[in-house]
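Structure record follows, encoded as structure tokens.
Letters are used for the chains, namely A, B, C, D and E, taken in the order the chains are written, and counting of residues starts over at 1 for each.
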Amino acid sequence: RDQIQVAGSSTVLPYAKIVAEQFGETFTNFKTPVVESGGSGAGIKEFCKGVGEDTIDIANSSRPIKKDELKSCADAGVKEVQEVRIGYDGIVFATDIKGPDWALVPADIYKALAAKLVVDGKLVDNPNTKWNQVNPALPDWDIAAYIPGEKHGTREVFETKLLDAGCDKAALKAAGIADDKEIGKTCIAIRKDGKAVDIDGDYTETLARIDSNKTGVGVFGLAFYENNADKLKVATVEGIVPSTETIATGKYPVSRPLFFYVKKAHLGVVPGLKEYVEFFLDDQMIGPESPLAQYGLVSAPDAERQGQRDAFAAGKTM
Amino acid sequence: MTDIPLDTMAGAVARPRRDIGLKARYAAERRFRIYGVIAISVGLAFLAIMLITIVSKGYTAFWQTTVTLPISFDEKVIDPSNKRATDPSVLIKANYPKLAENALVAKLGIDPANKPMMLKLKGFLSEGARVQLRDIVSADPSVIGTTRDVNILAAANLDSAFKGQIDLSVDEARRKVSNQQIDWMNKLKADGVMAEHFNTGLFTYGASSRPETSGMGVAIIGSFYMMVIVLVLALPIGVAASIYLEEFAKKNRFTDLIEVNINNLAAVPSIVFGLLGLAVFINFLGMPRSAAFVGGLVLTLMTLPTIIIATRAALAAVPPSIRSAALGLGASKMQMVFQHILPLAAPGILTGTIIGLARALGETAPLLLIGMVAFVADYPKTPFDPATALPVQIYMWANEAERAFVERMSGAIIILLVFLMAMNITAIVLRRRFERRW
Amino acid sequence: MNIMTEQSLENAVGDKMNAKSNEVIKMRGDKVGVFYGEKQALFDVNLDVRQNQVTALIGPSGCGKSTFLRCLNRMNDTIDSARVTGKITLDEDDIYDKNIDVVELRARVGMVFQKPNPFPKSIYENVAYGPRIHGLAKRKSDMDQIVESSLKKAAIWNEVKDRLQEPGTGLSGGQQQRLCIARAIAVSPEVILMDEPCSALDPIATARVEELIDELRQNYTIVIVTHSMQQAARVSQRTAMFHLGYLVEEGATDKMFTNPDDKRTQDYITGRFG
Amino acid sequence: MSSLLVLAIIIAIGVVAFVIGRQRAAAQDTGKVKPHSRAHYHGWWAFLLAVLPAVLLLAVWDIGSSFYLDRHIHAALPERTADSKVASEALDASLVKSLAKGLRRLDAGTPLPATFAELQPLLIAKGVALASDTQDYMIPIAVDANTVQDRLGLFGAVVTFALSIAGAFYALRQIAPRARARNNVERLMLWGLLAASTIAILTTVGIVLSMLFQTITFFESVSPMSFFFGTVWDPRFAAAGSGGSQGQFGLIPLLAGTLYIAAVALLVAVPVGLMSAVYMSEYASRSVRSVVKPALELLAGIPTIVYGIFAVVTLGPFLRDLSAALTGGSPFIQGQSIFTAGLVMGVMLIPVVSSLSDDIITAVPRAMRDGSLGLGATRSETIKRVILPAALPGIVGAILLTASRAIGETMIVVLAAGVAANLTANPFEAMTTITVKIVNQLTGDLEFNSPQTLVAFALGLTLFALTLVMNIVALYIVRKYREQYE
Amino acid sequence: MNIMTEQSLENAVGDKMNAKSNEVIKMRGDKVGVFYGEKQALFDVNLDVRQNQVTALIGPSGCGKSTFLRCLNRMNDTIDSARVTGKITLDEDDIYDKNIDVVELRARVGMVFQKPNPFPKSIYENVAYGPRIHGLAKRKSDMDQIVESSLKKAAIWNEVKDRLQEPGTGLSGGQQQRLCIARAIAVSPEVILMDEPCSALDPIATARVEELIDELRQNYTIVIVTHSMQQAARVSQRTAMFHLGYLVEEGATDKMFTNPDDKRTQDYITGRFG
């Protein structure tokens, strides 16, 4: 096999694509890598199938690999896996460009989207139907939020960084839920009456929904928003406008790291694999001025990037 | 046929006659006919709506903006230290975009020292210029030092602006094209240097992360391979299986089982065929991932039930008297089937093929798990090389963040439909030839 | 409603032919021509069908008898390539007129086809089909009665009475032919066109059908195609002789069989033809 | 010798056998005995005997020799030690194999350098990219592998040719006027047909097997009771599940959604498709039909994602606004709804019903139409009472296919009806289907060996069983009401 | 090869019947029974078909003549519900034996069906089909000759010679019937089974077909079902009378028509049956 094979997350795909394309253009003696889309889970599964010509070399993932997965990897012979963190993906709220400005805090989101709220000390089905019932500063719009579906890694971030963070746990405890686990569960339970719409497709689908429902609020990746800034207006979270800078510095709260995993055993075996990874990690690719950053990837701080390069060069495995 | 409107009542009839409820029956007849017309109109209306939506969104994708620039292949830029004789990689790594930029700067009369202006120029021309110019140079290294007019692709955003798809009323900061760039664009347009050309790249380029250099080339080849495989496998196997089941198999529990089974396979979600392909063809038989060959096999399995169901129905519709006639002359059952029944069943078989292939041509889900939903930039040389397919390209472009891809996606849909029609036309002509009323 | 009941027929049988009433012309063909595509199969046929009489069409195979018969209830409409010229009237109405209603026409002018074509339904349903679409039976029992009497008239009742629910296509050739006769008379049309109704029948069944024809004639008008001169002579009052698409001669059966005007008729009848 | 070449030669032998066989058979036909089979059947029989066993042998030989070669390479590789440069033996072997393949590209007679460092430029000049981990010790192994492979290939070719010629001779010897060559050929054809129909069975077995084990694993962590009878679908994701919050995997909402959407789609596709078919085959002129039929077939060729986008962007909002205008305020049709999804899907499926039915209706013999029209039935009565019943098996087949497609469709449902697993009776609300969940659970970011992903397999098998029942019922109906014309 | 050439036939016509050779039994039915599903349609029929003779099967409609005929070349195999018991031999070989090749059997025992069933192909192809699959013509011109002579023998050549390329389904009923006869004799089978081959033919065409049968008999063996007693008497040497699925009587035609043993035969022949 003379072609690198990459599979995995569709969030990482656009970045991997840019890198693969430029890699092919720069290293003309190697073929352009093939980058599959299909989700982190399926990608890691293929990755963990074993070592050899007929298995893939790299798995893209929008979440860290799980212990379980690593274990089954090792069982199948993939004992040495190198982890590479390429940067961060910001998660933003946006509305139609013609709408008013939005300033959200996690509590607003929790109150608008949670399945159950504590009202007057009792746990009841979420009674809010309009945003301004949640927070008078918000517009008088019917609640209609397009949030990532459960298949997406983003959903997890959404739940932990917003719902859980905005959840009034004390009130829940006061309402009679003693168990911490139970509280955690209640916090992240999302209403199912059609006000919060799961989107299992990509952000284009969310955009289409906002297009057809001008008073909808959608959750997007930062990259996607930036590419569609002429159609969307972004909301601040806790007063911070999401941007590569605010995310990189950690001011903007909602973001997640993106990864890929390399099969170390393949490094000298698949022509170009090593060069590809190095090329990917180069500042020309993932630095703040790089095409990936232009596309919307939030670059990791300089030290972290250098750390990644060093770790890879040193052959550090998980 | 002497076709006389059935809805006119016999007015001339004078004598009182037996009442056979004609009035009501004619009303029923008329209603029935109207239902037919309505049904067809509904179908055609939806078709029209779909086609109009697709075409109106996608036709612009067939044009692409380019800037014709006199590129001077400056040795100082390409090979500053004059090492190309010893190190061929110089020509590969050279800063080709710079050549294009220089030419553009000269054309627009910008002062190269004016940094802010130069910065605004960024993103005017496509990054694809690198490959384009490099190909020119590696094809003929003697161009170095000469000047030549080259059509350089404009960047996707400028292309959109040129086609008037960018809302200039939006705040400049929120757009991808600055006012300065618009001014330059208008200037170049007025000079006749910047113009739209037929977008051959849409048909020839492979996948790319840049809208302007992305095309369906790999997808067309991949789909072509897959359709050939599906046609070559599914049609004969499907027809053979139907013949066996309909004409030869004894009617018993076991063949009932097969029949139910085949019908059932038609209801299996297409992604499950992908699972099967992954398990059997890739994991068990060790075939390569992302290959059109495996895709073709998976789509074959997916298409088979459709063809079998259609073929069996068509075979069953041939009247038994034809069978007796052939057998009575001493034809063997094989001969009877292949020489008499099959030609008469051909229209139905072809219809099944058309519908089956149409679906196979448009499916993405089964290809997902065998790695064909992928970014593939290089042309596949054989069906065993990585490739994508038309619907995959559509699906992937539909999910792109950059707007320019939406247009390409609609263009791709048009190409797919044309591909489909081209594929169907033979079948439709054949079907008409075989059609026979008796 | 106009169901033929056993009684009405029995009454009718007693009547003697009334010379006057028989001269009523039920159907008239005027310069009828038929083309199948380019090829003309029937040329300028002028033929009258008289009420309450049996008209026999004879002539060598392929001479256009069936074609003419099919013109009389416009069954040729269903053949794409067929085109009819000239004029045919039923009770003085032009049946090819725009205003005429083919369905009613065919309900009035019934047909038994040359090749028996039972529906792939049960025997009962085959016979009940016509009465049902025309709404001739209000109740199930009426329908049963129509089915039974039709099958009886077609001389097939005994053979099928135990298997009314079995498919009509599982009958023998002659049984199918009689089933088709039963099916046609079940709707009691005014004119019945029969294309060789006895071709697959044994002499006894043939005799029964001929009896039936004779009975029916009292109330209906019948046109029959036959290859048997004996049969033509036995059942018909008038005979028309076709040859190569032309009507050669037409006249009272007695005369035709004893003293035909045309040489060809004579040759044909005496079997010297060909 | 390459397998392709061997194959070509075998076929050539077959052709020669065919020609000789035919001639011999023709020559033997002296008119004294009536020959059983025509000469060309003898020819074909000779061809088949010359080709089929040889091809089978070739296939077996190829597979066998590649196994043998593998073993050979593995045996030649040095013992693995802790400091082996290559991670695993499999990789080691694959490096040798690609090296061997690369070596074949070198010009004959090129002196072979002993180290990979020297070899690499030679190979690169030939356009062979090799992995940098290739070791020096692999070069002799690769050279040896190539010789062994050549030898195996040659031997295999000789044996196959021998078999092929033997087969041809055997067949030619058999030729006699009373030899039943036709029966032999036809028996082989019959086996071919049978083999073709077993592919369907094999596919089914494959599908069941490829889902069964994961399904079992799934049921180890989720009880079948809560899966089959659960009314809440909320699988959560393993990632957040670290806190132990196990999701709920209730099948009922998905099942209901599947049936509901398929029913709506059928309600659109079947009447419209059937009436179109009837109109095209019975009323429309030939020219109209020859345009309309392929035009409708285009509907089946539009990629489903396009329908989906159409539903999201155009139809969904249109219906919502329409319903809002009707009630003067709040819309009763949601932007995403079963109704929208079913409608769009129905449109896509129109041609499946219309074209297949049209063919079957056209195939009903004219005698049937004549019989009915001759009794004074109107066109529509003829169609309804005679033609459609006669065409029933084909039409039911078409409808089954439609239903199947409706059940198996994903993209339209995702976009037009959403992914929320609600349980509702209102067709204007969002619901989702089993298929959608299968796709989503398989392609998401979820952990691959968690119940969240495995549930896809359980869903797949359940759907399989469900449609099986549907098909058995359909078979029964067809059997019962089938009317076979002559 | 075994093509009937005009000459061989002409020579044969001159021969007088040889009593000896006629006693060769070509086919023999031994306790033949046929069931359609549960229903038995034929009971214990023992019947010999003698070589170079014409055997006529007579009997009322639905008595099982066609059923018996279809047993003789195993066409009943194609009816799902049909089941045959007993034994039938052709040249002493059991035709229901496992080793027998039905295809070859049917090539040796040809059949003309009761309902004409031409292929929806051209007239030429209809006739050429049989010879083609049996390889009876080496060259196109041979084939043309076979087609022409077969059509001539079936007395239809004049009617179709100008339209050989038109579909056989566009012929008149009688023409189709003759086409099917032509088609069957084109493969020159040893035994020809004819199920009412003249039912749709006019007297002259009938006479021609009867002549043909008489000619064919010199070289072949013929079994014919007919409803016309005259025809049976004219063409056959032996006659078998069926009734309600039983073989009532069988014997030399002369005797059967003058002095039958069975009362039913007598009644049937004299038309008193029913």
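Here is the rule we use: contacts are C-beta pairs under 8 Å (C-beta built on N, C-alpha and C of every residue); 3 or more make two chains touch, one makes a residue touch a chain.
Remember, predicted model here, so these are calculated numbers, not experimental data.
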Fewest touching-chain hops separating chain A from chain C: 2
Identifier of the chain whose CA centre is least distant from the whole-structure CA centre: D
Reference chain C; chain at largest CA-centroid distance: A
Pair with more cross-chain C-beta pairs in contact, given A-B and B-E: A-B
Centre distance in Å when chain C and chain D are each reduced to the mean of their C-alpha atoms: 56
Averaged-CA centre spacing for the pair chain D and chain B, given as whole angstrom: 19
Centre-to-centre distance between chain E and chain C (centres being mean Cα positions), rounded to whole Å: 30
Distance from the mean Cα position of chain E to that of chain A, given in whole angstrom: 83
Of all residues in chain B, the ones touching two or more other chains: 6, 20, 25-26, 320-321, 332-333, 344, 368-369, 398, 437-438
Interface hub residues of chain C, defined as touching at least two other chains: 78, 103-104, 107-108, 115, 133-134
Where chain D touches two or more other chains, by residue: 182, 309, 366, 376, 378, 381, 442-443, 484-486
Pairs of chains in contact (touch as defined earlier), listed by label: A-B, A-D, B-C, B-D, B-E, C-D, C-E, D-E
Residues of chain E defined as touching chain C within the complex: 36, 58-62, 66-67, 114-116, 159, 163, 170-175, 177-178, 195-196, 199-208, 227-229, 268, 271, 273-274
Complex contacts: residues of chain E adjacent to chain D: 1-2, 101, 103-104, 115, 133-135
For the chain E and chain B complex, residues of the former touching the latter: 73, 75, 78, 80, 103-104, 106-108, 110-111, 113, 115, 117-120, 129-130, 133-134, 169, 180, 183-184, 187, 189
Chain B-facing residues of chain D, complex: 182, 186, 189-190, 192-194, 196-197, 199-201, 203-204, 206-207, 209-211, 271-276, 278-280, 283-284, 290, 292-307, 309-310, 314, 347, 350-352, 354-356, 358-360, 362-366, 376, 378-381, 383-384, 391, 393-394, 397-398, 400-401, 403-405, 407-411, 434-435, 438-439, 442-443, 460, 463-464, 467-468, 470-472, 474-475, 484-486
Chain D residues within the chain C interface of the complex: 366-378, 381, 385-386, 389-390, 483-486
